[in-house]
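Below, each structure is written out as structure tokens.
You will see chain A twice below: alongside chain B first, and alongside chain C after that.
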Partner chain A sequence: MNIIKPYIKSNYSSISLLAVIFTIVIFHLSTSLAFAQDFELAVYPPLLRVNIKPGKSITQVFKIDNLSTETQTLVARLVPFTGADQFGNPILDPTYQPKWLEYFSLANSDIQLGKPFEIAAGQSQQLVLSLSVPSAAPMKDLYATLLISTYANTIDTSLQGSSLTASIGSNLLITVSTQLSPATILKITDFSPQPGSYIQIGDTYILDNITPVTFFANAVNDGDFTAESKGLFKIQSFSGNPVQLQSVLPQYIIAGSQRKLINGDSEDFNFTPSIGLIGGFQAQIEIHSDNVNTSSQINLIFLPLKALFGLAVGLSLLLIIINLSFKPLENQ
Partner chain B sequence: MPNFIKILPKIKKTKLITLIINVIVFTLFIPVPVKADTLLSPSYTIQMSSINIGAGTATSSSYALNTTIGQTIQGLFGTTGYLVKAGFQYVHPLIPFSFKISNLNISFGTLVPGSPSSLSNTLTVTTGSAHGYLVNTIEDHSLRLVNGTATIPNTSCDLALTCTITDATPWTDPTRYGFGYNIQGTDVNTSDFVNSTYFRPFPVQNVDQPVTIMQRNGVATNSAATVTYKINISGSQAAGTYQNSIQYIATPSF
Partner chain C sequence: MKRIIYFGSLIGLVVGFVLLLEPTKGKADLTIVSDTLSTSRLSVAGRVLTISGNLVTLNPAAATNFNSTSTANMKSGDAITINGVAQTVSAINSTSANQFTTVAAAPSGSPGNPIYYLSEPVHQINFVTSTSVPNGFFRVLIPASLTVNNNDNVPDPDGFDFNGVTTANATASATANFSFVSALEGATASGGTNCTAGYHCFEFHYTGTGPSGSAITLWIGNLAKSLIAPAPASGHNLGVADAYTIKVQQFANGVNPSSTSPIDQTNSKIALIENVRITATVDPSISFSINGMPNSVTACGVTTTINTQTANNAPLTVPFGSLVLNTFATAAHTLVVSTNATNGYIVTAIENDHMGKDGGTTPFIPDTTCNTGTCTTATAANWDVAAAHPGFGYSLESVSGATVPFTAGANFSAKPFANASLLQPPTTIMSSTGVSNSHTANVCYRISVDATQAAGDYENQVTYTATATF
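Let's look at the complex of A and B:
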């Protein structure tokens, strides 16, 4: 028994030592799980439209809400853009650094553009953006997005994978001009019914009078200043009697861009004709905004194509039936 | 007389209560002069006569008025020299544009050669009063060894049909190595990310343009999409910790 005890003791010591070594090794080699840091930020307003004379200044408050569960270190910066897609999404160009970016600054005493600042969890911060246009500033449009991004100058060295950064933006459409609504050039293009729903002869579209039809159109701004797509879509007879009226959703069309036109319900221009609608009509889109007037129209002929086709099929079947019915009689 | 003396303290008490109520009421409702001058706060100083800030919805029994943020009196461009419109008058109500990412650290831990690892997080967008949005993404570089130059290349998916930064294709072959992502959910291009086996490599900063992964041309409320990050390394991959930074940019339409 006395011989066994030291053996057990030494065995216990060995097991304890092994356990400690094993624990250390496991701690060093096992995956270091990074803390699941979340991010949720909100910004208001999402759009700022300003018409301003050279030599004037304005300020605008942007409210940033930190809706995440921990303090966020953020950076605010202005990223210019010169183009947008047909749905009004800016194509940001961080490498483009025009001189007019100097017109902007933050009036906050403790927050600057490009410098990190903190917002505690569940708290808000107001960014007071100041725009001061010099008296000698050229008359033109300035487009930029105020981007609020998470700030991280280092990545946890134990992280095996990707560290994510998030940015949220608010768009600024600025027109610098001595006039409130400087003129621009707006064209309505590609105005037509949905492909496949018509037969086209010259400039006239022949449509079925019981099949719903969708009309598409784009507005192209070839001028130097932003235009707004306030207007009306209508289908009317040649004598001017309207059979369909829909508002065109007021959207901004920045200089040098194209935008898809939609109706006031944010949908395409859908029209369901009635069975009695037969003959020649006109579809027209008119844009009447502060700095531009333009319109486009197409000729439509509504015919009971499906009804005629059905009638033709029916008559054909009837003729076949009659022929088949009479032939045996003749043979008899 | 003795009765009067008894009543007196009661009257005094009533008067005292009335006096206190009057003081409170007058203190609360007395007009306070407001001066439009230099505005000071611990966080900012504004030395301008007009500041444009939000309003909201005004209601009464006979009317409801929705207002956007803007200058107090519009149409004075000729005298003030500016006109400010903030927000969208035609979209209600006035809710902020918000963007949420469920997890900012995509940590794969120990990687096993030839055995792909996957992790996911969720992107959520609410357009609020904006009329549409898009979410773009870009990475700073491919996964690179900390304090080294070795990289885990961006995936080109299965050899039969390789993927690009704008074209997702299946990535199921365990002998195809690299790092890529799949996205499934609302406002995602499902004709490209057909199912969860379709992957793309991330575009690389200073080489590629950011790529759109979520988009809606209209109002979105809690549009959510799940991004799955997949990594697969070869047996010859140098040991160590590999990292990169992926950026998600959510912008509203104008």
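Let's look at the complex of A and C:
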């Protein structure tokens, strides 16, 4: 027993020490440290394009995924926009409250526009958006973004800094019309080679025939309905034989906006001429979509400018050398 | 009677002699003969109906030697030729049976110009010998067209095109008692020397005892080059295979195979059919994540002093905490966007107002104007001197894929956030014009106050919005 007692006493001390350490660690973890958190949301579909007749209704399901490790409180809103930049990004205007926003509603029984709702970590929620266009609705395009934002109804008064709101949106391009593809007015503007790469005489661009050249163009929708930029960029001889063909990337150009045209690879219209390409050609962009046909063309003349310049420099040098070579002879 | 016996014996001798001369004809067959193709896909031989940019329309009407009238045997990624110009199929039109698009703009094509896809299967021929033939050779006959050029490197409607293969493209597997001699191999196009028209001929000579019952594997074609599989035959029905017969023969040493009957011969069938194009639709979506960063890490070229990873409400907060006068506090978030929307995405940012005391509007910490008072929501400028340049602003750094409108550089180039209370529009902080897989950018926040700033808790709200581009 004399042997055992000290052992037990020592064991009690160890256990007590461990308990204190354990308590401190737990307390520390629960009060001082917050675990790394993340935030991630996904929405499907990111774009809704609808042609609808007055007096008709449609329903579209939007799926929201909470990919975070925590439950997120979110709020869904419809924010209209009337314009977009030349890259197709909507310019949202939360202060704009047109009457047609009343055409939209959520068919969910437990979620309303503008009211918070929760999605548990790793879970999804479907928002059933209903669009009912009155029979007397004016025929025009309606543009809005269904915005899903983080929501907090409390203020952290101890915060010295910025709190963040994260939003993810799905754009709605709605055409209200009795026609399937109501006509619009699309113009191709600013169609030209890259500035600095040409000599311009009137409407004709003179280009070097061994220097790659990039062509730029915009499409301006002056009509009342969205157009799509399906079409072709081509460089062809005056007899119509193409030397370059590139597709135009189909993009939506909403009413009253301008869009930069790019090729099917989402790049500018780049063209590398060949050394044998000399003479007059035409660069042309044609847009042929369901509700618009338009084209624009510019005249090009490819000349061996760099080669001629090199030749001129070479001849000048040769003349100088000859001149210098003959001078001593004259002096002699 | 004697005459009858005499003539009978003579006929018997003649028949016996003839039989003796051709002792192996029909004597036995090679067994378990098979020709396994690495792909049973037919080639494509069609014609252009129209070409518009990248959109190619196949002529839906068959013509002589051109019986591919739909895209049923084509798939995205196929290397094809249109009128001799190499192209790659980018997509098959799911709503039209005879339209597809090419990666690059297709060449200007006249109606009727040929469109070819070459299916080049490797033939793996297996069989078991049934006769012992020392120092002999095997010959494989692959069917070739008798109506068109069968060695012009384009698909034929009724046989394999030779495609210029050589003995370098044919091999025999090592087998006991069959030492194949590559120098004696033969690869001859239909109608060539010792190769009767109608079949391409491949010879595999060996030394050794060549015993019966041996399993042999021969290969015709390899990754470098193979015979071109036939295109659909005339009258071909979609989904119904076109069948061809190959012949595998074994000869004694030194005989001319075109004039001598083989010791053993067995025919085998091969069938070619359109490939099955399996399609699936991936719905477009966009995802957006905000991730905090710890302090003492480098972001935008500076070291963070604030942890946005583990703070209260992290990561949706930038807790600068108590500020030291005329000293920068720096924090950062990592933003990640993924979308398969074809036109890309944009992320914008806007603050609700200046950072106001206790959530009010005044007093407030001003938005930065940077070192020289020149930075605005539209124009970035260096901001690496805290003293005399109080304010709140941000900088950007593309980590992966994202296009950002400006970057921090060596001197923390910065801008103030667009201010909603001043009716300023949101500003773009990252974007892409195409599909993106985890495009990543760092947003770095910076704040500095001077001695004139009233004490208190200052805060505001920054909103990030991610939308797909239309």
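In the analysis below, the second predicted complex is superposed on the first by the 294 of 332 C-alpha atoms of A that agree within 3 Å, B and C clash if a C-alpha of one lies under 4 Å from a C-alpha of the other, contacts with A are read in each partner's own complex, and residues count from 1 in each chain.
Note that in this section a residue touches a chain if its C-beta (ideal position, glycine included) is under 8 Å from a C-beta of that chain, and two chains touch if they have at least 3 such contacts.
What you are looking at is a predicted structure, and each value in this text was computed from that prediction instead of being measured.
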Should the pairing of chain B and chain C on chain A count as a clash or a fit in the superposition? clash
Name the contact category of A:Ala217: first (chain B only), second (chain C only), both, or neither. neither
With the two complexes superposed on chain A, say which partner A:Leu41 touches: chain B (first), chain C (second), both, or neither. both
Which partner does A:Gln244 reach: the first (chain B), the second (chain C), both, or neither? second
Tell me which partner A:Leu277 touches in the superposition: chain B (first), chain C (second), both or neither. neither
When both partners are placed on the shared chain, which of chain B and chain C touches more of chain A: B
After the superposition on A, what does A:Ala166 contact: first (chain B), second (chain C), both or neither? both
Can A:Leu67 be said to touch chain B (first), chain C (second), both, or neither? both
Tell me which partner A:Leu186 touches in the superposition: chain B (first), chain C (second), both or neither. neither
If we overlay the two complexes on their shared chain A, which of chain B and chain C does A:Leu232 touch? Say first, second, both or neither. second
Clash-bearing segment of chain B relative to chain C, given 6-14, 60-68 or 78-86: 60-68
Enumerate the residues of chain A that count as touching chain B in its complex and touching chain C in the other. 33-47, 49, 63, 65, 67-68, 84, 87-90, 92, 145, 147, 149-150, 152, 155-171, 173, 249, 251-252, 254, 264, 266
For chain A, which residues are in contact with chain C within the complex? 33-47, 49, 63, 65, 67-68, 84, 87-92, 145, 147, 149-150, 152, 155-171, 173, 231-232, 241-242, 244-249, 251-252, 254, 262, 264, 266
Chain A-facing residues of chain C, complex: 52-55, 101, 105-108, 283-292, 306, 309-323, 331, 333, 336, 339, 341, 343-346, 348, 351, 355, 358-359, 392, 425-426, 428, 431, 433-434, 445, 447, 457-470
Complex contact set, residues of chain B against chain A: 42-46, 48, 50-54, 68-69, 77-78, 80-88, 90, 94-111, 119, 121, 124, 126-134, 136, 139, 143, 146, 210, 215, 217-219, 229, 231, 241-254
Quick one: which bits of chain A touch chain B in the complex? Just the residue numbers, please. 29-53, 55-61, 63, 65, 67-68, 84, 87-90, 92, 106-111, 125-126, 128, 130, 145, 147, 149-150, 152, 155-171, 173, 180, 249-252, 254, 260, 264, 266
